[in-house]
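By letter and in written order, the chains are A, B, C and D; residue numbering begins at 1 in each of them.
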Amino acid sequence: PSAQAAKIKLCLALDTGGVDDRSFNQGAWEGAKSSPVANAEYLAAASSADFAPNIKAFVDKKCELIIGVGFAIAGEIVKSAKANPKIAYAIVDNDGGDCDANFVCKPVKNVKGLTFQTDEASFLAGYLSAGMTKTGKVATYGGAPYPSVTIFMDGYVRGVDYYNKVKGKKVSVLGWNTTTKTGSFVGNFTDQNAALTLSKGFEQQGADIILPVGGNLGAPYAAANEKTKKALTIWVDSDGYGLLPAGKSTLLTTVVKEIGTSIKLVASDVANKKFTGALYVGTLKNKGISLAPYHDLSSRVPGQLKLEVRKIRDQIIAGTLKI
Amino acid sequence: MKKIRSNVQKRRLQGVIIISLLSSLSFLYFGLLKPGKDVTTFGFVLNNEWVIIKEWIIASQTGARIFSAISLVASALAIFAYKKERTIVFPVAIASFGILMSFLTWIASGKFIPFTGLLQGGLLLSIPLIFGSMSGLVCERSGVINIAIEGQLLASAFVSGVVASVTQQAWWGLLAAPFAGAAISYLLATFAIKFSVDQVILGFVINVLVIGLTDFLYKKLLIPHQNTWNSPPTFEVIPIPILSKIPVLGPIFFTQSIVVYLMFAIVAGVTFALYKTKWGLRTRAVGEHPTAADTVGIDVNKLRFRNVMIAGFIAGVGGAFYTVGSVGAFGKEMTAGAGFIALAALIFGKWSPIGALFAALLFGFATNLQSTLSIIGVAIPSEFMLMVPYIATIIAVTGLVGRVRAPAADGIPYSRGGSH
Amino acid sequence: MKKVISRIAQSIKLPGLSFLMAFTITGIIIALSDEKVMNKIGSPIEFLKSAGASVGNAYLALFQGSIYDNRLIKGNIFEGFYPFFETIVTATPLILTGLSVALAFKSGLFNIGAQGQFIFGAIGASYVGFRFDLPVGIHIIAAATAGMFLAAIWGGIVGFLKARTGAHEVILTIMMNYIAGYFILWLLKTKTFLRPGRIDPIAPEVLDSAKLPLLAGENFRIHAGIFIALAAALFVWWLLTKTTIGYKFRAVGANSQAARTAGISVPFVITATMMICGALAGLGGAVHVLGSEHSLNADVAGSLGFDAITVALLGRAQPLGTVFAALLFGALHTGGRMMQSNTGVPLDIVVVTQGLIVLFIAAPVFVRYIFRLKKLNTSAALTSKGWNG
Amino acid sequence: MSLELKGITKTFGSFTANDSIDLKVETGQIHAILGENGAGKSTLMNIVYGLLKADSGEILIDGKKVEISEPSDALNVGIGMVHQHFMLIPVFTVAENIMLGHEKSNKFRVLDLDQARAAIRTISEDFGLQVDPDAIVETLPVGIQQKVEIIKALIYEAKVLILDEPTAVLTPQETDELLNTMRDLKSKGTSIIFITHKLREVRAVADQITIIRRGKVIGAVSPSTSEAELASMMVGRAVDLAPAKYQHETGGPILEVKNLTVRDALGTSIVKGVNFHVNSGEVLAVAGVQGNGQSELARALINLEEHIEGSILLDGKEIRGSSIKQSLHAGIAFIPESRELDGVIGSFSIAENLILDLHGQAPYSKGLNLSAKVVHSEAEKRVTEFDIRTQSIMDSVSTLSGGNKQKVVIARELSRPIKVLVASQPTRGLDVGSIEFVHERILAQRDAGRGVILFSTELDEVMALADRIAVMYRGEILDIVGSNVTREELGLLMAGITSAKAGAK
């Protein structure tokens, strides 16, 4: 692009988790802040009742790009977009479609959906875990049974299943069942003490790799593990290696969901007047999602397993492996 | 003419009927009609305690029958005790245990139940609740309603986390936390006692203030500088020599961090002090009939003030449990409503320390039981599993506890000649 | 005339001073947390100036965000009041949940369960709203009634259990709030409730015929719910002061033993109160869904059920007081949003301000003490009556 | 030790409760204070005891001025007090109650209850006040509770003992015992201030009488003054101490009780299969020492108790097992024993209290609606008719004096169609003026042909009002006697000793 003109005004309407949730709100905000073409600001919501007024406040402030962070805000984003066709909108974790009474949906021109095929990456994490486990048991749990949470767990379980199929092994996954859609949850995203106890429950069942899907919830066990070394942790959303204050030495990898990258992408589209409402799907292919490096544990992951994981990734990208 | 029973007998009858019914049902269902087909494995060893049995493997059906049979026998004993107009607490406790075990052997057919871990986890989940309800107890026994338990826990978790992080000493965090709890108490005491503010409003407001301020500081201070401000070390587990080696009991009671031992000490201390010492006598007097206490020269408001402060110290240790005892960092709103559950436990336990202790333990155990079941893959929708501790509490409160009586002067500010 | 003015001045003196104190304390926090201000700590004058500016801007934003903002006027002065209408929209469900808690206090009960009751009200209204196709007026009534009905049952369970077994309503309502929270999460995944084409927990939008009419056109969100809320306040007032049932409620609330001796059925009062409280909070949920949210989601209740307790207590459990308290909370919340977006003061600070205002209003003796006002009476009116009811 | 009060003045807002009161109690003197309800007696005593602060005036002990701003100051200078409202912790044992405030602990900081028990035993023996140190206070009959109060005061070795209406809840025997104890104390040099509404007691023990009216000292008189004179000084007008009871025809049984058993929550029977009836136009008094089941029997008559067996026939119709409301509406008026707890709702206005069991009926309500107009106009009428002393019918009942509260209860209960009046201790704690009023009303009901069941521990009251007297002892009706029984015979019956004299059944 040519020499930067004035930066665009990028406004994030956050979900109720708050900007410091070590999860998608935080990822989105950090991405927005680091965008070179935009001045970013955000509004936090205390409940879903705040979504509409927050968006309206952005419209009044003449934001040029308004991004709803979280599927819950989709409805209000679409409504506002239809009323303000000149403003560019985006919505994280939703396709931003406008549905009629019969639930026939069509895309809205000025809304870009930012969705992620998260299970592709957690599939890799599942395969990796199955290859790494010594006890033959791995585990996953969530904060609350939201679909944006369970999609990680789904992919993870399928990854393990795939490993079993390929290798003829019997690694089992505790904490989630893809057919009954039932599993282990803390019940909220704040009670870290309960999450720690739950993780210990997995440990007692013999699981030696745990994937917690719940923002901060997994942090205490990751930290505790540094002493006990009983299990490895897999983080989600943003690479836990830079994020976690403790537990790096037992952090196997992270199922990365590049919300920030996708937001920077939309921002630069808007700045360069290339914005369209076409759906964005973060995949392994476009690096919208990825499996983070193994960092400190790199040496412990067998080279063969590394290769296999890379191969599966390529197969998924190529479309030859359907997960 | 219908036979008239006393309320106690009525409640006993209710209990006897429920327990007998459940025992029979569990025998029928788990033992005969829908038996588990596989074996169930119970694990007993958690750390390095002496091993008597490491694992106990039993055919699910047989196990369910054995345990149901135990509960049936206990139910019969309960009926006998009821007939003799004696307490049915012990047979009912045994029967409940039998039913629970029978259920576990049935549902975990083909699975593993870490029995010791199940109990230990339940205890750990109830630690903050116990501290919280002891704080409530010391306040309310002297006549000040404490709804600010949540605020006390959260504020002290915050302060202990920050202090321990800055000093890199868990001990400093543990020492600082009670003062944070006491600071909240100071607010409660001053406004409730000195300025006669409605104590329920006050409690809610204090919670709101603490949540607001800790969220704010978390965002402004702890997130940007997490390595300095929010990386507290946690206490190591201190196994008590010999005792920690006892199977089952050792890992639960004698292989814990200092905060858990403090919990036992505080419950024992509060129980002793409340019923056996001068302080306790006066505290209870002031909570029941402050004017009467006043007429024998007890300074009602001074004692109440002091007790509210003590309560703050107690809750403070509970707050420290979160950061330096367990989690190892402060998290936004990490108490997640524990203060309110503690309040419920206090009421459930009829404002007695032991009662509150058991109520909190029940809640913690129910929570961990549902976790364990979800881990072994019980195909009940997770949302319903998560309801288990709350439903269990409702059943226990309505079925076993019934009417409770708060200290008579609880919540009423005292001023001379004000009320009589 | 003079007398009237001085009477009015007298009656707003204490609340006024309470506000002043709350805003002063929050002002200090705002100034101290503003980096621009703290950078100037070296020179006192500059520091004070910039602190003043920082706080002034924040409070200006609070006002503009909740009452009136002339920057919004594009042609019509009316548009400047957009924030005020937003305040009313926020306050509407709060009035209803607040009334629910207030009514319970009058019967000597402590209803912490407005949260769960609200959720069931929202569920009922949403279901009827999207599932059935009914004529305009009737649809709204049917949806609201369904919500109230479910919530009345949910509240009634508490009343029934307390009346039957004596179990304490505080425990029951706390537990039932959690259960309701998980229940709605489950419900939104069922075929019946999950919006086709979506996997995240959100129900279909209610049909247009079930939406509450907008009062000021498409550009404003203010809807007829406020009239429902005010009517409910009137109803509660009428019930409590003008009817035999309300008389029974108050009698049991004030002295249940004497009420029983005089032949009033205490179990009936407990059950009936909790059912009506449930219906009120449920109506709150219904109005919230039919008026401003339009579709049910897992977080539909936010913290409305808990704010309701503070609102009711602040309103001294009186219907009119509750209405004003809810409006105040609504204003602080909507204004806080503008404060957040214009000056970067986080929402948490608004929460703190709310808390401080309630604290000082509930502590007249303290305010008198601080400002050295005469008449330092020590007895204070208690709204809640402790655990023994 | 002598106690002197000089110019004690105390105001509550604009109301003067004590107006420059002077009073002197000599060493070893029993000094009675008489006065109507609300005259300011308790206020004055609370000032002496440090519970209230006087606006002006001074307190002298043995001629020296003392500052008493806390109860502990009073205890320190040797003033003890038995309060009008019990100052006992209901859930504590006797020993705990008595040691409260001056607890002794052993070296492990454990409360030394044994010492308290021993102290109680000593005092019990010295003054003949038998109590079990380990009994929970709330389970004890009020008479025993009163003894606990007195022991509490004595254990401090008070030199000046204030007794504020200690006999209001005592039976004649207990009262006599207390009077003896007082004499005993006096002989040991203790000065006593004795407040009571019962003129007989005053004349029996007092050395000096001070009369207070509306916060002012009206005069000091000697105990030889006649009861009628004392009464008129108190009230400010002539009082009829013995209500005129005209003989008249009684009708047939209006309320019959057969085999009635009442049990408490633990299943113990408190009333054991009693049988009696009351005729229309008759007063049946149920006498007995407090705690022999009368309270429960009274409550059972309107189904207030939870466990009742047997039969209660009102005008031939079974009402046992119906709801409280049905019992009341069937035609029973009920004056409960405790007006504060059961009779009135303190925070409600007088008008509202007057419709507590009538609010669902015409003309007070129509459908759901309460008719405020009717409620108010009827309240105005009642206030005039029953002479309830108040500024306005909108004043809350908690602002009324005890006598006026009782009038509110009576006004409410007697202003609806009734067949039977059940009155439980209707004059407890009332002054002579109010007692006169209540007695008149009860007799008026009898004369109007209603059945009256009067539960009372006051022998004088029973003797004055009853046509027949049922004596309860340990949950049973020992005997039913005619009104020609003597005080002594009645006293014996109440103590459980059946005499040969058979009553008219």
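Structural remarks
The definition used in the following text is that a contact is a pair of C-beta atoms (placed from the backbone, for glycine too) under 8 Å apart; a residue touches a chain by one contact, two chains touch by 3 or more.
These figures come from a predicted structure and were not determined experimentally.
Looking at the partners of chain C and chain D together, the chains they share are B. Of all chain pairs, the one linked by the most C-beta contacts is B-C. The geometric centre of chain B is 45 Å away from that of chain D, both derived from CA atoms.
The geometric centre of chain B is 31 Å away from that of chain C, both derived from CA atoms. Averaged Cα coordinates give chain A a centre that lies 35 Å from the centre of chain B.
For chain A, residues touching at least two other chains, in rising order: 145, 187. In chain B, the residues that touch at least two other chains are 215, 219, 381, 383, 386, 408.
Of all residues in chain C, those that touch two or more other chains are 182, 185, 346.
Pairwise chain contacts present here: A-B, A-C, B-C, B-D, C-D [touch as defined].
For chain A in complex with chain B, the residues that touch the partner chain are 18-20, 139, 145, 174-175, 177, 180-185, 187-188, 190-194, 196-198, 200-202, 204-206, 216, 219-220, 223-224, 245-246.
Here chain B touches chain C in the complex through residues 140, 145, 191, 194-202, 204-206, 208-209, 211-213, 215-216, 219-220, 337, 340-341, 343-344, 347-348, 381, 383-384, 386-387, 390-391, 393-394, 397-399, 401-406, 408, 410-413, 415, 418, going by the rule given at the top. Chain D makes touch with chain C in their complex at residues 304, 323-329, 334, 336, 341-348, 352, 355-357, 359-360, 365, 368-370, 372. Of all the residues in chain C, the ones that touch chain D in their complex are 242-245, 247-248, 250-251, 254-255, 257-265.
Across the interface of their complex, chain D is touched by residues 1, 4-9, 276-278, 280-282, 284-285, 288-289, 291-299, 408, 416-417, 420 of chain B.
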